[in-house]
């Protein structure tokens, strides 16, 4: 197997899994919140928030990466503040790859969850309120369980996107083996040298296998959840 | 007053403008389809925020648009059985039933879950999800869910419409008991005069978004002028009586001011006061005291008024020992028998036609 | 100790080997981040933790130097390269590169594959070379600009484009193409891969690796990959 | 037979296993909540694909699991008024009503939209969307939508449960007319004995997923053994009569085999045969012909059987000129009057207690 | 203005609009079909189809572009067949950019529509069937109107993604000014030369403006549709 896959590639696979996992897990609660705000909220900055969330989708990934670098780089306003206040550095660290992946996946996740929120029958939420549930409790006991399939879809989309994200990541955190070289960066690196195609292909296959596995898992979970909710 | 409602709301195409006060007990909103009953109940629940108005329950201001006040539904502790079941699809029947309990104050008085589950016949359904329930089963769960949330006030929007007569006859007495034992005030929407007679302390007649008449149920139901609103067939007086004795052959003797009445066994202790609905169409009049008939209840009465209808019928109002009774007879009988106000005669009621559904505690 | 090198993508094969050898010999670890020179330069300016930068073009090294991040005396041109015209398939006939080259005739409706001619160095050199022979105007509409040289080469290898202009070093290892001509080195600005130590580099290992890059062992590896070793 | 149904389906926790045949006319499925009525109707509509069974309507095989045959719902031309309205939220009331017409064969016979809209009181709602309708309004639109799709067979699952008595009294005669004029067979789910008596040609009593009894409605409703199934209070015999004359004072005289009967005006031509439901609790017995009473209908009868109940009541079956009548009296009256089979006496019926709701064409 | 925006940039803006429009319009019907199949279908290859649809999300865009090149290039099996049978060439043409954008956007569109399909109450479809509507008519008269908000969301996602797509496009159709140089390619080109930031920024702003415009339009349309359906 060692011959089949160069050691740095194995590292990249592992790193990508870690990055995608954290990007998914960390962005999900925020995505749910933003989706709720966009679906239900009536506040002045709503259009702006909506636009902001979609920016990573609209912009070429390289631009997003570049903007991240400007903001979260060591010298960037947010980056230096994070560094000074909390000792957190994102640029050129795997944590930065998490940020890049999360940002790139964010519009997809929010959209998926938002669609689910909009499909929840507000009459059920009213019923819960008459039974004494506060807005937060209505959300936790009624809305959240009902949008679970959408959240699941959002999570899978986020994970899949994170596994494939390249442009923003390489621009923001570079392509440092063992630290920021994700699977797509490794594929890119192999593709850019003569004779690297074969190694790249192997990595592509691994990437496909992982993502399809996640997808199948999500489909299955989705079906379980849907059956519980009583969907068809 | 337990409940003071004053509302104005414009739906665009339909305007609601109602005002009524309801004392303790069961207040029934009665009116035709589309008259605004659900809208009133929604406003009390806090789901509809009226354009203008004030809603108070047990001295607490729930909504007061003049002061910009609108208590959110979850702070009202008002149980609501919606017109459609609205069960939570992701929860089992047991979880649906327990939902409100979760949020109710621990020490609040409330019905026991086991009791409610048995009453509503839900034992074998507890593990199911709403999708696998029949229409009536869903509605029963919704009733249980609202009752078990330990509300201070219960709103019920045609809760029994989807149920069969037998189940309805089981649930109605229980609602009466809720009213009495827990002192739980109920605002009840109904199309059924039987339910009104049985449950209503107060009756609010709604027509086209306005209150046609509101007041004590017994009084309104014996008002010939309101007959068309109830539907002629539903007309009937309500008289007060007291349980005198339970007799061996399964009958219960009641004493009303007009005399003794025998009815099928009533599950109330002697001395209990109750209300008895006597449908106008169940009363037969006789000039002489009838002998050798199967009707057990024969009381002397005096005609106080006769109101001829457009059709073949006439309504005869009778004073029967101080209580008002209504009899619906044909105009032919009025002529043939020579009926006229002031005349003394006898009313004849079958013991069994005064069915338990027409009686309620008072 | 760790040596972090930011290097242009096309150097990967050679540098990986040199880095591994250096690591074995000294016990230091060499970590190399490959990307486009422009990205790497931007990142270094933004504070990337790199010790050594090997750019594929002078201008991006200049940018880093302008930011004061280059240790000036360590900057030198490490490698050179040649620009070649490649054709699809093995054994394509040689052509004479000059003013009379009938590129459009050779393309016969196909595209001339190059790296992006305004931004990627290989594309810029190629455009300059074609201009020097007065060929650019005529062929410009038929030029397909790939994101980088590797992709340009790949288009030719797949036969999507009949001809392409790439580095000699890239053409070496691609069996799907044959070099049909080499652009004279005076037809375009000198192709150079400048290298420099960055101000963030602290320890001796960084300087040692910089030195190792111009030692004979490294020279051999670079040469085998088709690079011109500058001395 | 217009409709032959034979079904077995296991829901896991509830097993359905029914078989019945229904001739032309209205077949009512009667049974308690959760007994399987909706499931049967769903199978006829093609929405439920039973584990085993065969469904035929008007000679066409709709489902035959043995042959793996299952006609999809849209090919069945079966109108279905669901237990809940199921209106299309994206369409206006008018569009909802017109939906089925779109797909119906152009030349098929069907009711006129204007007629239906007026009947159901939907004129002012046509431009609205379902969200802005009250519960009863939604149900009325659903009824109209099904009727206007020009079906060959109409399924109605408790269509009137959400409606007030007045509206119900408007719609019921119309359904009768559909049955007669368009010859539209109807499979009707109901909890209400009144609706059954009024509409049912055939009655199918369902209990726990099985057919307890099926047959002509008149016969089943006069069967004392089935009394508990209907609820005691709902018990009543159905007798045949013929319209004899419409009299000046608004009464209609009927001739039954037992003699003349006066009832409130019936909108049928003299000579028409009709069915008359006489609730057991509306019948009073008298040993001698009563004089000077408001009850107009007094007929001689002979006791054929007496069945004492567990409670205070007894059912007396009477032969009244060849037709069977049921009377519900107290056991005390049975004793007091000395009632026994073979005895001749008189039955007393108030003209107005035989309300139009209890009559239907035959 | 001419000084503000180089003419080739204007061409790129125009081309991107055209590419995104057609990528959206052409992929939408297929996306609806696939979403329906995935949401409702029970057929053997369902998991495979699902995986296939998601590949462009999972894979680094460059790889997708490369695979497109292999399949749809002049010498690719599909590409040569299209060329011979219909005279359609995709490689190095703006039509190829449309294909690349459509493929990259496809998983997002399908997911959005699928969520909507799953939220449609099958009871309404049953009701339509009892009223005589065939499966096709049920779809056209009930399902489609009800999923319209989801289709709209899918279309916006597709358009936005198409406006920002870079990796797959440049790999598949290269960067030929006036023919295949989309807005992201132009931005990339500017970012790749020292001092090109400012020109790149201008293009980025144009890109943002266009996409936010589309977004606002979609939000507005969505609200109109939702109000018609009677959603909250």
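The letters A, B, C, D and E name the chains in turn, as written, and every chain counts its residues from 1.
Throughout what follows, contacts are C-beta pairs under 8 Å (C-beta built on N, C-alpha and C of every residue); 3 or more make two chains touch, one makes a residue touch a chain.
Small disclaimer: the values here were computed from a predicted structure and weren't measured.
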Open item on the list: By mean C-alpha position, what chain is farthest away from subunit A?
Closed with: D
TODO: Return the chain whose centre of C-alpha atoms lies at maximal distance from the corresponding centre of subunit B.
DONE: C
- [ ] Indicate the whole-number Å distance between the mean C-alpha point of subunit B and the mean C-alpha point of subunit E.
- [x] 60
Task: Whole-Å gap between the CA centroids of subunit B and subunit C - done: 91
Task: Length of the line joining the C-alpha centres of subunit A and subunit B, rounded to whole Å - done: 57
- [ ] Find every residue in subunit C that makes contact with two or more other chains and list them.
- [x] none
Task: Junction residues of subunit B - those touching two or more other chains - done: 132
- [ ] Check each residue of subunit E and list the ones that touch at least two other chains.
- [x] 62, 66, 167, 188, 191
Open item on the list: So which chains actually touch one another? I want all the pairs, not just one.
Closed with: A-B, A-C, A-E, B-D, C-E, D-E
Open item on the list: Under the definition above, what is the set of subunit D residues touching subunit B in their complex?
Closed with: 11, 13, 31-34, 37-38, 83-84, 124, 128, 132-137, 140, 157-158, 161-167, 169, 191-193, 231, 233-234, 249-251, 262, 264-265, 281-282, 284-288, 290-296, 311-313, 327-333, 337, 348, 350-353, 355, 357
Task: In the complex with subunit C, residue positions of subunit E that touch it - done: 62, 66, 69-70, 73-75, 91-92, 167, 170-171, 173-176, 180, 188-194, 196
Open item on the list: Please output the residues of subunit C touching subunit A within their complex, sorted ascending.
Closed with: 4, 6, 9-10, 12-13, 31-35, 39-40, 42-43, 46-49, 148, 150, 170, 172-174, 225
TODO: Show which residues of subunit E lie in contact with subunit A when the two form their complex.
DONE: 40, 47, 50-51, 54-55, 57-63, 66, 107-108, 111-112, 115-116, 118-119, 122, 149-150, 153, 157, 160-161, 163-167, 183-184, 187-188, 191, 200, 204, 207-208, 211-212, 215-216, 219, 226, 231-232
TODO: Provide the residue numbers of subunit E that touch subunit D in the complex, in ascending order.
DONE: 123-124, 126-135, 137-138, 141-142, 145-146, 228-230
